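These are the structures in question, set out in turn.
In what comes next, chain A is part of two complexes: it sits with chain B in the first one and with chain C in the second one.
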Partner chain A sequence: MGRYAFVLRRPLQLVPVLIGISLVTFLLSQAMPGDPIRVMLGPKASEEAIAFVRARYGLDQPILVQYGYYLINVLRGDFGQSLAFRSPVLDVILERLAPTIYLLVYGLVLTLLFTVALAVAAARRQGRWVDQLVRFVCIAGLGLPSFWLGLMLIMFLSLKLKLFPVSGFAAAPIDNLWQLFLPALTIAIAVTPTLTRNLRATLVSQLASDYVVAGRSKGLPERWIFYRHVFPNSLLPTISLLGIVVSFLIGGTVVVETVFNVPGLGQLMVRAVLKRDYFTVQGITLFFSIGVVLTTFLVDLVSVALDPRVKL
Partner chain B sequence: MTAPILSVEDLAVTFATAAGPVAALQGVSFALQPGEVLGIVGESGSGKTVACRSVMRLLAANAQVRSGRILFEGRDMLALDEADLARIRGDRIAMIFQNPSTHLDPLMTAGGQVAEALRAHRGMGAREARRQAIDLLAEMRIPEPERRVDSYPHQLSGGMRQRVMIAAALACRPGVLLADEPTTALDVTVQAQILGLLKGLRAEHGLSIILVSHDLGVIAQMCDRVVVMKDGKVVETGPIADIIHRPRMDYTRQLIASQPALMLPAMPSNRVREPILAVRNLSVHYASSRGLSGLLTGQARHVVRAVDDVGFSLGQGETLGIVGESGSGKSTIARAIVGLAPVHAGEIDFAGRSVRRQDAAARLRFQRSVQMVFQDPFTSLNPSFTIARTLAEPLRRHRLCAPADIAARIAELMAKVELPDDLLSRRPSQLSGGQRQRVGIARALAVEPRLIIADEVTSALDVTIQAQILGLFKKLRDSMGLTIVLISHDLAVVRHLCERVVVMRHGRLVEHGVTAEVFAAPRDPYTQELLAAIPRIAIA
Partner chain C sequence: MSAAQTEAAGGTSRWPASLLAGVAIVLAWLLVAGLGPSFSPHDPIAVDLANALVPPGSDHVLGTDSFGRDILTRIVHGARIDLMMAFFGVVGPFLLGTMVGLVAGNFGGVADAVLMRILDVTVSFPYFVLVIAIVAVLEPGLTSYFVSLTLVNWVSYARLVRSEVLVLREADFVLAARLIGVGEVRVMSHHLLPNAITPAVVFVFTDAVLTIVLGSSLGFLGLGVQPPAAEWGVMIAEGQLYLATAWWICVFPGLAIATLAFGFSLIADGLAKQLHTAP
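This part shows the complex of A and B:
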């Protein structure tokens, strides 16, 4: 029980992290070039109209005062009014949250399947042709930029072979297994090589450990030793790495969602930046940060569950 | 004589290395009789572990069996395929290893690791295997087996881990147990318990045991017959009494003579000397950090009293031994003296001055006067430095001699530790363990210290090398008037070299006195237990 006490502690530690993140995103969006009011009202707006709207949104106040208002509002669940969509930022974000989460989880499931299959195949046949092939595939995968890979997948699998839809997001979750396959595959291909190489290396080093010799001396079959001893002992480093990879992916959805026209947070982020929609950009950034923090928390939880020696 | 249960005939094994094949075993033959304990003794590199692993077919991938047969229950182990091998291993013949911490899976419970042999060989269900595992843990005298069955290895002591490994090995009641240095990583009292357990199992189940050890004391106490190995060959085989009392080969004689035996006269101590080091009421406490949540919840700090109210003194030119088992605080005392441990209370005086309150200049002088020699000479020497550079460093750092004289001074140091000058251009990896330890001593001597603290300096070395290093310390003390604090878990080493002895347990000093008196008539029950636990070679 004591080992899980950090679950209660963690939210407390999150408070200063989130305040820091909100301050940085707030200041960064202030530093963005361009004037949102001018973008909103168009080039023909009069100076009086601009001044009036600016005062209405509170944008004429000192920056720290603006941040103070912002923080109080965020704590009340009010992320402000989206300047581009003319509706509350929170509504705009929540509407786009599901596709992004779906895409990330789908991509991660594919990643885990590929990683485990490739790394196990390579580690169990160390130095043989399977191992060489996996190494080659991984190096090739590392070299492909994900936007280019996405476009190639669309060209061949969707346009030429008509196997998968080109883009979009379906209403029913089950249909999205089909609809989001290509973007999820793009994510999986982008991150599998790193994770595979990491897991293979750990598996190989664990295979040389003393408890493997002891397992053989007990007459345990090789498969048993591999799956019940070596594999669990190899997971921890890869799971830590997975946490870092997911954190990058949360930001990386911007590219994949744009290429595949998935109506998620990444796509929203691009539009909001182009329209100088401060409040939406801030809101999404905060959501992304919370996502990263939650990922780290999940990784810690899994580590504690997997390894009885881990204390947090 | 009945037919042997296991016989190794003319076994030859080579290892493929980057430098070409290296012979690990050459023409090795021995036989194990039913119900017998056969010892294999030899120094590191003699091939005793390779012989043991060959029997189980557990050699590394680069090993190759060149010739020979290993007959077990009428079948040649070398001719079995993987499936037959897996059926025999753990069921008919089992093995335990030197280091239970690394040979147990850290992520599986003790019970799980005992039960899995039963599940693999007997096809037992999880629940029944667990029940049997509890019984086996109880048989290995693990206290509270119902609770310990769910403990993970890191929650168990070293001795308990070894018991778990024995329980797992014996789960299917094999007829033969190969024990490769099973007590080398353990404290002497725990070693005595494990050896007693093995003896009991042999008596109760008629278990035949091959016991591999570098420690002739352990072998003499346990074995009926013994095989002496050197450089991959069997030097001599015979009943234990014959080998100990009438060794035929020079190597065996040398091995016996190198044991830091308890029969040797203890160091006399009748000289009265001016005290150089005085430790009074020393306490070293380590407190775990509470962190933010600890502050909020008001949770108390967990304080470890590594050393608790310890006092002793040491005269100029005297040798003091500090003995105790792991966790007794003996190394912490050394670290506190040189200022590497947080002193909670107490005083340490060196040459009449307090060590704890001194200015920077005095501190530098003190650091020069006290030098440490460490247990593992390989990790305490910089691997990328040549020996010459390692020895030159303290001379330059403390400006002990003119740059022009450094080479001469280094040569002098090498002569003192009896190393040839041509080693100076080598790096630590190109030296043997004994040579590395001599370099460690030479480095300590470079700054002309008044006190040397030697922390388990011989415990990583073979007995013959150990005897040479102890001889060197004796010579240095007598010729240079060095004062030495010798920290060791090995009472025989301390008795051999030290005039006075401090016995530590759980951070407290339990006995302190002249070595000869403490060993002849120990007053504290723990000292008595410690002395009784040492495996001796009985001389009739």
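This part shows the complex of A and C:
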């Protein structure tokens, strides 16, 4: 079996997790207040009509059978009907997918740029004032609420200085580099502190290892040791965190899309909750969690590709 | 390098500055929440449209909102809600997660496998998204916030406690206790728990930061504490429309959240330094 055999094996291992995810989202629908059939048919529907539709949707069946129906429907791409948008949930989700993906990738790129810059600056001058400053920035940054930070950025940079557009999503991808800069910056700032601490800690522990001493005694320049040896060796633990980071960025989009009025999935989720459009909430939750599972799988793949010692 | 070493050597005998500063900030907010409301001359809820959108000045130190309510008064009253959210938002996950970690780590086998699969599934959901989904089906409000946080956030504590217990259960003093016939429950509560709890306790303060941010975010989105309550996130949501004309409505409650969260963040950093759980 080669190192990449897990690419075939891992999807099978993911099956229990995916079943668990579908169980949770199914239970969410069971916990919904009110009767979805009554909501769908309106207050004037007769009892016979309600019973008929209930039977047609299989909602009069035992709960395990209903779960089976749910699973089959999801596998066929049927996430149910959105009551607020009066169209299939999957269509509503796919319509709003592009802005969210754009924002996630943009936010991730900014996060990585900030993290590497801050962590490298801190680790190379360990214990000195730059290190202390980075530590302070991370401590303070952890507690900055994204929604407030976003509003402050809008207030200063968009309304006062008129540097950026206030909100929205542009049609052309290139325009969105500008249009989505503040939202992407906001979610990046929320995730950067945790990731920076992690990368800095790894860099510091790598700097104390034997190969660094060997490199120094060989007379290699400090910069060479750092960028050629220490830095690449420190990347792997940080990359393995990316699954969690993406999961947090997704959470960030919920808030940030609402603040900056970006027509994506996060904003859709908040609106769906407020409109009690439970099937949409359920669909988005399922969609996002599958996204996280796939990201984690990709991260595993990258880890194996980067480091021959890693076996999965 | 040598400077860092001397600092570390000196740091073991005294408390880190960040810890002291953090404790001071959190104590200050506790004091405000405890005593503030009895000193404030204005009502936090009553509408007074004659005094709407007054800028910061002598009558209203931090100005008033669009309903004419004094911002400072609302921040002081809101401190109770937000501190309560931080406290109860951490207690539920801490208790549930610690118990799960203890049981999974101690018994291993089937119990461990089942609990860890549940954990795997829980962390496959983006944290904030699952909290919102649970809040949605339970109806937005403070109670469903606590319930959903407990259901989602126990995983961090379970992991921390479990990994400690896995090592500790092989330790001599635990084997000795078992040998002389100490029962499972007592082994867990008196021998494993006290030795396994430290990382979880340190995480409580980081978690408090996340919980404050999460709770106020839900308030802001209209999914948490409901208006007209003076919760800080709710206040910022109400000021959103007046960003260009009445900046003070948004700015000051946000500073309140940021300082309180900063206090907990400093404590977390200082504790980690003091207990040498971080480099």
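We take it that the second predicted complex is superposed on the first by the 278 of 312 C-alpha atoms of A that agree within 3 Å, B and C clash if a C-alpha of one lies under 4 Å from a C-alpha of the other, contacts with A are read in each partner's own complex, and residues count from 1 in each chain.
We take it that a contact is a pair of C-beta atoms (placed from the backbone, for glycine too) under 8 Å apart; a residue touches a chain by one contact, two chains touch by 3 or more.
This one's a predicted model, so the numbers in the text were calculated from it and none came from an experiment.
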- Task: Overlay done on chain A, so just call it for chain B and chain C: clash or fit.
- Result: fit
- Query: After lining up the shared chain so the two structures overlap, which partner does A:Pro33 touch, if you call chain B first and chain C second: first, second, both or neither?
  - Reply: second
- Message: Applying the document's definition of touch, where does A:Leu294 land relative to chain B and chain C: first, second, both, or neither?
- Response: neither
- Message: Applying the document's definition of touch, where does A:Asp210 land relative to chain B and chain C: first, second, both, or neither?
- Response: first
- Item | From chain A, separation angle of chain B and chain C (C-alpha centres, steps of 10 degrees) | 80
- Have a look at where A:Val310 lands relative to chain B and chain C in the superposition and call it first, second, both or neither. neither
- Item | Partner chain in contact with A:Val65 - chain B first, chain C second, else both or neither | neither
- Item | Chain touching more of chain A, residue-wise (chain B, chain C) | C
- Item | Minimum C-alpha spacing, chains overlaid - chain B and chain C, in Å | 5
- Message: Can you tell me which positions in chain A touch chain B when the two form their complex?
- Response: 5, 9, 12-13, 209-211, 213-222, 224, 228-229, 232-233, 306-309
- Which residues, counting only chain C, touch chain A once they are in their complex? 1, 3-4, 7, 18, 117-118, 120-121, 123-130, 132-140, 206, 209-210, 212-213, 216-217, 220-223, 233, 236, 240, 243-244, 247, 250-251, 253-254, 257-258, 260-262, 264-266, 269, 278-279
- Using the touch definition up top, name the residues of chain A that touch chain C in the complex. 16-17, 20-21, 23-25, 28, 31-33, 126-128, 135, 139-140, 142-149, 151-152, 154-155, 159, 197, 201, 204-205, 244, 247-248, 250-252, 254-255, 258, 269-270, 272-274, 276, 278, 281-282, 284-285, 288-289, 292-293, 296
- Item | Of all residues in chain B, those that touch chain A in their complex | 56, 58, 82, 85-91, 94-95, 97, 99, 102-108, 116-117, 120-121, 152, 154-155, 165, 168-169, 171, 292-293, 296
